[in-house]
């Protein structure tokens, strides 16, 4: 297999641009930090996060034993935070994959097929976009019961349409691009055209949308948990907050309330930064402007 | 005194992999009432050169060297506000018809009149009168000034652009490929319109084109650009009859015509140079049939032959000292 | 205004509303367990009582019959009786709407004004330090959940400094009237509206900035500069107006999303509006009320979207004249 | 850059003005507007607040509901405070007689009581109330009101004959608002159709203003037969969450908490606050493990239940979940009551013994995954523990219980749901939504109704019997208890019933909380703490006794 | 002439699009007759030029011929076979011999594929080669043939790194690798720099020589049409107004529109006089009237009957046909 030097250069350019993009760099570093936390949580933790401690360590501030203090069952906040990052990242990614996959499929088919298929699919999409998101999530979460996977489903239900709409508009404009017509003219069938010509060109949008979905999911999980509709049996940042609010001791235990908030905010920021950086880089003209 | 004098203009684009010199040591003057054509292929730096006259060089580009002297004053020393005063009033530009050169949400009349209003002519009636007469001049019924750009066809929009550029009767008008991308008959009409205006207003114009024919019909003098350099500068007729630079010659020979005898045309092999880290040699050398060993060694200097300027080793005596 | 365009929009909105009523109806029939059972706190309630209740709430009929019934009642403006409050849902909601409108109106107004101005400045000064600063702030604001803002604001300004009240819409049992009452309400509005505003500002800055940057790269901006138009005028007349167009569209799309902020803020600050009502209804599993609130939210979104479309036609001549939105990418 | 500065300045200025003006004007207004009237501010959390004044089950089950009606209406008699030993205290009825068979009760009403509109309270109002109130709402349909006939003897005398013998230590007809007949007459078939905006009764307070979800403003009934109350106004303020409510007390917005008290975690926050005292009293509620005997698994096995009881370290639960503010409990009957049976079977914490019991009963970890298997080897001993997710202490207690049972090899899955779903599941044990649950109720000093928890479903039980427990022995004892006429006899059966439950463990009673109530003692005095705190459904005394200093 | 000699036979080809037309304040539904009754043949080895301005229907025509869009009416025969009658799969296979080169070299090649992959894709679609090695050699040969040498330096290049001329060669290679009989070249050089245009046109001509290919060369530029075409058809609003051998048309135009077109072409000759266009009113609004001559509103020699009678192509000289009533009259 020969090494394609142009491809390498292209990839190299991307990463160079990415790392010279201040937001991209910052976002990536924060993101890596959380990935690190999540991957090595069992090593990094001090005690298992779900095990309650002794009564004299209830709500103790940060000290040598518990780096970030303890909660109202004397559980270690630091361990909860790092294990919580697993949950947040997993539901973020799973939701992103589900929504982006569904949205892309719908958008691709609608945009490519056009006509009545497009019309029907887009009416459905419009309808879903019109539904008030958080109320719908709340209602569904209330109806379906509290569990992490229900949250994933709930967020997916309300989030896929925006991806579908975006992908569709991309597909519509791609469909008009001469190279699609050219490949059709060269004898390609619909599947080939969709999969090998249009889909790869939709990747940037899918990526940006996926990143957005991760942030929305993390956000939504925290809001639902805050409202008491999260899954109280799984340790996530949202449920940490939930228990903190519920305990009534929020005002006097900042070490308990701030870590999950800081984590939520910084993970969302990191994804927003990543998204912005990638969108910037993929914007036509950016490459030239930055001199690549 | 010339109306415009461009001296040693160099425009650099700072790229990650080096600096690209889009405009390289460009010199030309523009006398009052004269039309100078600037011809070259895409990416040869002609638009950059024109835009730097107006002070529009945006990052990552910058004017590295040189002077732009307009009516005896170096524009490079002007403040932003001074440049603004100049634009629209003393110098204006008609750009290649792009879909969005006119603001989609403002009426055509508003956009034309704005030139005057922004330069201190506040009397409403005066402005409206002037807009009406200009529209009429470019062949648009004044009633249509209440229309929005999207209600016009491409040719009509370009007429609006011309009206907009001409309304303040500027001393210098830069025409940046004003008819490219339009239909043949519309092109012809616009060409005729521009020629009319030129005569009526005694315009001084810098016409940028990639097309010999347009230059031939409008300009008295022409400068040929290649790879950021002006490679030849001459009267239009002289150039056509006896091009000195091999590039000019090839350009003329490769241009198909509909009148006269059908000739076998000669194409120029290869493709235009990449301006990022170009070789220290004549940039045309690789495509030049007459290139000698010297051409691959050093950059030719400007040479004056019969009051024509050419930048080619064929005509220079001096030795290459590299 | 293009009548056909408006008519088409009205039809589309109507169809959406119809679909929403169906979803609204269906979701609450998916509830596991027995909603009627939940109405009775007393375990000794007899089967007869439950059956009687089912008849009362029309839950004994088959699904289709229930839906028709529901639509009939809806047409009459009846949303059922709240399980919890025992009052007609319509009445309960009607009382709350003005409060929420007031809160969201003020917040949106502040967010849009401040957000667009800052966003425009950032977009205008693209790449500068001002831009980076505004951008950094807005992304941070955008990333902080509304409720977290609310809690922080409350801890700071209502607890530690005690400048503002801890919650509610007015001082309880104050007996204030006239101007004092207005000031009292305004004072209660500050913290909740800021918790919403801060989040929206972030969003609006981001949207305006990118829209602005997009517009500024358009050839007509170069045209305007070449005409010698003053920079400030380019900003206000040429750039902002065009930048508003996608902003309006996105606002339309985002309205559905915005109902979230109001729920969070009203919950944190116990602002007795629709959001709080919705939250209470969820917590108490008061299904008729929940259904009613959800319907109101959905209808509000549809109406606001419709209003946004109309606004769009006012601002964009292309839509006004042709009746077709020009795709702004 | 420079040109845009004015915009930023403008924004900053606008924000400043908004903030400043609203603060200055309204803040100032509030202080100067304070009336010379004494006002007690009571802080409630939204979950306990009343959203309408319509008479419904919320008057019984919602703490704010029962507080409000107890203040606005009079009852025939009320339960005394802790000092009086929770003895019956006269209210509308100045005294009462009972026949030999303890079935016919005659109440003699005071003649000086008037409703807020000036109409006198007569025996006809009492008759009306008891005739139609229980019929109107299943929640009022209680043993206390199972009468055979009612006779109005004269305006101020009423004779009521009960279906069952009734008495010891309390008369019947407890805990119902005496409604004005002249107002409710038109709505007698459905009380819920009357909006009842003013709660017009004969109580010592009147509703001045009611704003759903915001506040209730009560003013003193100056014409109250017992004399005007000690404060002129009471305002029940509703706060969104416990934190906010606590802050309100700390910064002086409120003088006492309405009900349930504060979380023990936050008690330190109040200790240093000047003018605030913290009153601690035992809770009225008792916590137990509610075993679902309908489930076809190890839970049905008494040995398993015994092992579970041995495996649960109640002291640790109290330390962890309640920060020490609680005490172990082992019976439905409070320790301080006369008929508490000291001689019941107890299951002290002993994990080793628990394991031994399980081993002996054949629940062994046969597949080596760390979790014991069912006796017949049909899978793990993995049980769902149902608890409400809405109460922090209960979540914590359930978490710790799960941990402890995990230590003896029983895998416990927490099933934390909202309160309504919780009760929906709990009240239908036959649907097997749970294996066992952490439950709580408050029997009150008059705990007669509480035995319904154990009466078999086939024997007139159901309803409260959320353990799906059935024991002929118990049902017989209960019947005997109901039929007995003397306190001694009753107590004998009551003790027997406690014994039976402690042996069968359908309910594994574990602990009782303490209620912590911060109160403003700088301005007010007279707070009356009984079991359950300064204010709850058996205790309107604080509001009756409080006086401004 | 046998059908086999006629690579393409087009008979009464029509393509209408529904459009909204403004009539006063109201929108009226109407048909845009983009292609309205075309008849022509293309012989083997012939280059037929279609010249017209934007909107004259020439692109619609080419897409209709290749069945990228279905015609409203009329027939297209490829080597005597009606392509409308073919199934989709047959048509897909038939595309091997009917190909198209697009105007925009930057847009018509997927930016995510390198040069070799672009061509390999085509080979894969038609399963032309059995092995990757065979593919490689085919690609190498075709790249050499279109003048992209040395092949190695182009092999892995992406479109973004190439000039328009090079890309247009790639798209020609992509088409030629299928060994088609007939190619529609839709303004193949209009987006290229002047200096490389002739190179592409020469390549086109040499391919014709080498493989006896037939071309339809679509352009708005009479000068390049003259350079490559054997015959020319002038199109105006969906109809052919004049057709004939290239030199005949340019030297002896009959139709007023053709005359105007020729007059409008700017010449690179500074000595030439600039003359006014022989047109009545170019800015006049023109609709697609069903009957009558569509050029009438702009025609300097139009008469009243032009409004009523649709002119048909009439032979005026050997192979030279014109559709004009005023010409009839003459």
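Order as written gives the chain letters A, B, C, D and E; numbering starts at 1 within each chain.
Here, a contact is a pair of C-beta atoms (placed from the backbone, for glycine too) under 8 Å apart; a residue touches a chain by one contact, two chains touch by 3 or more.
Model, not experiment: these values are computed from the prediction.
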For this structure, I'd like the pair of chains sharing the most C-beta contacts. C-D
Farthest chain from chain E, going by the mean of C-alpha atoms per chain? D
Taking each chain's centre as the mean of its CA atoms, the one lying farthest from the centre of chain B is chain D
Between chain B and chain D, what distance separates the C-alpha centroids? Give it in angstrom. 89
Using Cα averages as centroids, what's the distance between chain C and chain E in whole Å? 54
Where the CA atoms of chain A average out and where those of chain C average out, how many Å apart are those spots? 23
So, what's the distance in Å between the C-alpha centres of chain D and chain A? 44
Contacts with two or more other chains, residues of chain A listed in rising order: 142, 145, 228, 250-251
Touching two or more other chains - residues of chain D: 241, 247, 390, 418, 421
Where chain B touches two or more other chains at once, the residues are 59
Which residues of chain C touch chain A in their complex? 12, 15-16, 19-20, 23, 27-28, 30-32, 132, 135, 139-140, 142-148, 151, 155, 159, 217, 253, 256-257, 259-260, 263-264, 267, 278-279, 282-283, 285, 290, 293-294, 297-298, 300-302, 305, 327
Using the touch definition from the top, list the residues of chain E that touch chain A in their complex. 66, 68, 92-93, 95-96, 99-100, 102-104, 107-112, 114, 121-122, 125-126, 156-158, 161, 171, 174-175, 178
Mind pulling up the chain C residues that touch chain B in the complex? 127, 218-220, 222-231, 233, 237-238, 241-242, 245, 315-318, 321-322, 326
Within their complex, chain B touches chain C through residues 54, 56, 59, 80, 84-89, 92-93, 95, 98-107, 114-115, 118-119, 148, 150-151, 161, 164
Interface with chain A, chain D side, in the complex: residues 241-243, 246-247, 262-263, 265-266, 268-269, 316, 319-321, 323-324, 389-390, 392, 395-396, 399-400, 403, 413-414, 416-418, 421
